[in-house]
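Same chain, two partners: chain A is paired with chain B first, then with chain C.
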Partner chain A sequence: MSVRRSNMRLILWGLMLTAAVLVIPHLDVLFRLWLPDAREVIYRRDSFVSLLGNHLAIVTAAGLIATLLGVGAGIAVTRHWGKDFLPLVAQLASIGQTFPPVAVLALSVPALGFGTLPTIIALVLYGLLPIVRNTLAGLQGIDDDVMEAARGMGMSSLQRLWQVELPLSSDIILAGIRTSVTINIATAAIGSTIGAKTLGDPLIAGIVNGNGAYVIQGAIVIALLALCVDSLFERIGCALPSYDQGRI
Partner chain B sequence: MIRSPSNSVLVTLMLAALLTLLAVDVATLQPNRIVAGEGYSLRAIMGLDGLLLSLLPFMFATWLAWFANARRYVVIVVILLVYWVSWPWGMSLFAQAMIEPGQQAARVGIGPGLWVLLFLLLLMVLEVQTRLGMPHLGRWLLWSAILVSVAVPFWSGVLNDLALVREYQGNADDFAAALQYHTLLVGAVVVISLTLAVAMALAMRSHDGLKRSVFAILSVIQTIPSLALFGLLLAPLAWLSSQFPLLADLGVQGIGWAPAALALIGYSLLPMTRNTYVALDSIDPNVTEAARGMGMSRWQVFFHVRLPLALPVIVEGIRITSVQAIGLAAVAALIGAGGLGTFVFQGLGQAAMDLVLLGAVPIIVMAVLVDMALSGLAAVCRRGVANAEP
Partner chain C sequence: MQNHDTPTIALDGVTKRFGDECAVDDITLAVNHGELCVLVGTSGCGKSTTLRMINRLIEHSDGQIRIEGQQIRSFDPDQLRRRIGYAIQSTGLFPHWSVSRNIGLVPRLLKWPPDRIAARVSELMAMLDLDPETFSDKYPAQLSGGQAQRVGVARALAADPDVLLMDEPFGALDPITRESLQDELLHLQGQLKKTIVFVTHDMDEALKLADRIVVMRAGHIVQQGKPADLLARPADSFVESLLGGRDLGLKHASLVPVAMRMSALNGECLPDDESVLDTDSLRDALSVMLWRDTFRLLVRDVNGNPIGILHWRDAIRGDDA
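Let's look at the complex of A and B:
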């Protein structure tokens, strides 16, 4: 996708998300038409702005930690000194991804209890897997000739990592982070069942109280957030060093 | 591979396991269902002598891992399996010793130390399996043995005092129904989306513009979080069921199986259609040309040439879709769609952790089993293709 189009997409979804968060609390009349008998038709236990902020904070924290750990682990097991761990880490990353995220989230409760922190830890654990997997795929996919040439130019191993390996695999690593964050936005919404304050709150409250309006409001904001973040990744992808030259 | 003298991975895992067993509680004793249990360390249960004695084979395995070779790997795997097989029986002994006959509600639980140990044991088996370069059949036998050795004590009544088993017994009928329902929902979704995907892939091959827009729409659906998609389907489905009584009679409502199935199909279409399309599109035109030249009809070419060549990639699509649908169907329990997720969310609501486990563990086992079975099938199909090529 061209830079221009991905910019447009990002701005469009961003504006719609902002509008939704700000406008929904004032749509009393509209939702009243649909549910004339309901006691309350707008979710007001928390403002959508604060829920959005919380949701984003949880996903961002989990995403940053998972990226650091995941890319770090991927680099470590592809170095000479860590390559013993490569087969196990690679297998673990691919088997772990078959675990449904909701099951991992649920299992974090017996281990860690209810609340925001257990949610973040579960998101980090699950979010690591696609990042590790893609980091490995990216680093291992680099042509041996390229590495040979870098070595021949007298680059140190650190220079090779920073100037050759990471730039060449940046698009694959980014794709892993994107998958991880997409899953985490969805899982964080379910996190409101284990006591984290997220955009899942209005949805769960709506389901429990049989209030369809709450459900729709929560669903719209979560969906827009996911699309917005996804187009942000699309845009970042355009700025990567490996974007136009393609992989060798 | 086997030549490397010391396996630092195994040694690390084993030292971690030893430390866990020394420092973290392996079992809990609960007076009833809700109250948090009291933890017991391995040392508290077995005494110092018993602790050392029970860890002796493990230390031996660690030593073997330090000086690893092919034969020693086999010994290591046997020792690991002995530990794996023996924990339920140890748990049963612990329960007999701790629970007096009159205490109906009392139960024992698996402590955090044991969970970590079991996880590490599986990682060790995985590592040894890789180092030994076991063939497919060997792996299947190994993991079947691992599964059966845990399943047998669960069914045989040895673990009747384990909290998880108690929870199961309290919900046995519901569990069977939920398991069946979960399987049915996922199965139906996979079959329907496969049919749609094949139809769309075939249509897309002749209309290029269609391809771009279909993939664009499907990837937007894939991006929307499951909970939100379920929510967005609520209003339209509720409206439909209020307008058409026939649909309402069929159980189509804003909540329940209808939005769950629709959303699951929506998510399944992207991986399924992408794989089917790629599978059909990547076939060398020369091959189909040759088949036509041999006098095969269009249908014969499709069924005897195209489909067998495309099958491995299509099966791969079915695998991705099924594993994804098993997890998403669990989320669908939130909107009243039933299935194993019901236990998870009920358990979370009641803070009954063993009920959460009763839902979450089978979901994971189901996902892993389906993944293994379908990747096995994909490998078989691929071998079929490879054999057919000159």
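Let's look at the complex of A and C:
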């Protein structure tokens, strides 16, 4: 994927997302054609702009925390002093992946209660897993000879981590963060059921009231957000040191 | 200046145990300044372990290892390794760094000023026959095996270490590239006079490069000495089989230059294609004789001037072994 193409893609989805949140409130006439009998065909309890902002804030907060914790844990258990915990962490990361996101939220309510903070915590826990797994895969996948050379040349452990290990595994780690955040964009919508203000609100309201227009509006914005964020990650990937190794 | 009486590298009763297994057993070895010492043996004989104990990639279990008289355990391992060049078979080049950045690694670790690093990198690239214009900005994935290994050797030499450790550096190369890199190493060593410990399982390589060969087997040193001594007096049947059994004669011949056996030219006229260089080995000359079905060869110097004649009787007499 060339840098130019991924730039174009990012701009395209970004424009479509912006257009969607700005234009949908004015499409009264259009949705009327579909649901002539409904009392209201545009979701107006909150503006789409503020829902989008809230949704993004929740996902970003969860993504940042999950990245810090996940990459940190992955690094820790691949160090000499942390390798006793490697099997445990690797297993937790794989077992955790088998949990459906809805179950994570359902389980978090009795433990954490309702609201934005419990949603963020649930998203962090769920988002950790792909990040930990990919960090481990990335760090363990580095050629032994490269690490041997790094040690033999006299690089300190910190120099090896920053100059060799992280750059060489950055694409795999980024792929983990990308998966985590993309899943969490969808999962955050379910956060509406436990009282967080997200783009899931129109969906839930639509389902409860039998109003298909609400569902469509929420779903379009969420989908465009996911595509937008995904292409943002693709663009970041092009700038990584492991992307260009002279194989062009 | 260092004292030339103390060996640059000294191993004294060095043992390495992995659990109950003894990989290296009570080895004593001294490598003098400017010497190219080749450890040779079959896989698993402990030669690589011995090498890697010198820069503390593996910690020895018993005994003492000294570099220029100082215990290696008295140094911080990272500082020690920055003083010792290290080249390995797979090169271990960093795939995300350009060639010049790879070569400049150790000088950067030693915090040399950037312009000094840049100058040193171009100097090394020129020394190893890598055109800086073409190669500086290439990545390891764009290099051939031979080029990558040149970069690996340049990286090992970057901070001008006195000691160089080489672990089968040419083992993965095709025979022609390997031979040219061996020649280049010998040429470099002639100028630089580093103290080199070189590990290989290839006895031909050992015979060609070594000032001293150390034959190892099952963690012990079986025999050590000059290549010619080893060929003349193999300590046991193991060394003899490593030396190639019935190939021994040819191997020996490969150590003797034609110049040592040729006689003066006295007006004889020999066909042009039946000639060898005075620096060629007797082995090459014998091969040409077999191939051309002849008893005599014209000997030329590097400029192509005829300077002597080699008779096969002189070639096969064994007086100066």
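The rule is short, and it goes like this: the second predicted complex is superposed on the first by the 245 of 248 C-alpha atoms of A that agree within 3 Å, B and C clash if a C-alpha of one lies under 4 Å from a C-alpha of the other, contacts with A are read in each partner's own complex, and residues count from 1 in each chain.
Keep in mind that, in the parts below, contacts are C-beta pairs under 8 Å (C-beta built on N, C-alpha and C of every residue); 3 or more make two chains touch, one makes a residue touch a chain.
Keep in mind the model is a prediction, meaning the values are calculated, not measured.
Bringing the complexes onto one copy of chain A puts chain B beside chain C with no clash.
Looking at the shared chain after the overlay, A:Gly200 reaches chain B, while chain C stays out of its contact range.
By the touch criterion stated above, A:Trp34 is placed in contact with chain B alone, chain C being left untouched. The partner that reaches more residues of chain A, of the two candidates chain B and chain C, is B.
Judged by the touch definition given at the top, the superposed model places A:Ala150 against chain C, while chain B stays out of reach. Of the two partner chains placed around the shared chain by superposition, chain C is the only one that A:Leu168 touches, whereas chain B remains out of contact. In the superposition on chain A, contact of A:Leu107 is made with chain B only, not with chain C. For the pair chain B and chain C, the model built by superposing on chain A gives 10 Å as the shortest CA-CA distance. Interface residues of chain A facing chain C in the complex, by the touch rule stated above, are 143, 145-146, 148-156, 159, 163-164, 167-168, 241-242, 244-247.
If you check the complex, the residues on chain A that touch chain B are 34, 84-85, 87-88, 91-92, 95, 98-103, 106-107, 109-111, 114, 182, 185-186, 189-190, 193-194, 200, 203-204, 206-207, 212, 215-216, 218-220, 222-223, 226-227, 230. Residue ranges on chain B touching chain A, taken from their complex, read 4, 7-9, 112, 115, 123, 126-127, 130-131, 220, 223-232, 234-235, 238, 254-255, 323, 326-328, 330-331, 334-336, 341, 344-345, 347-349, 351, 353, 356-357, 359-361, 363-364, 367-368, 371.
Within the complex formed with chain A, the residues of chain C that make contact are 55, 57, 77-83, 86, 88, 90-96, 98, 105-106, 109, 138-142, 155, 165.
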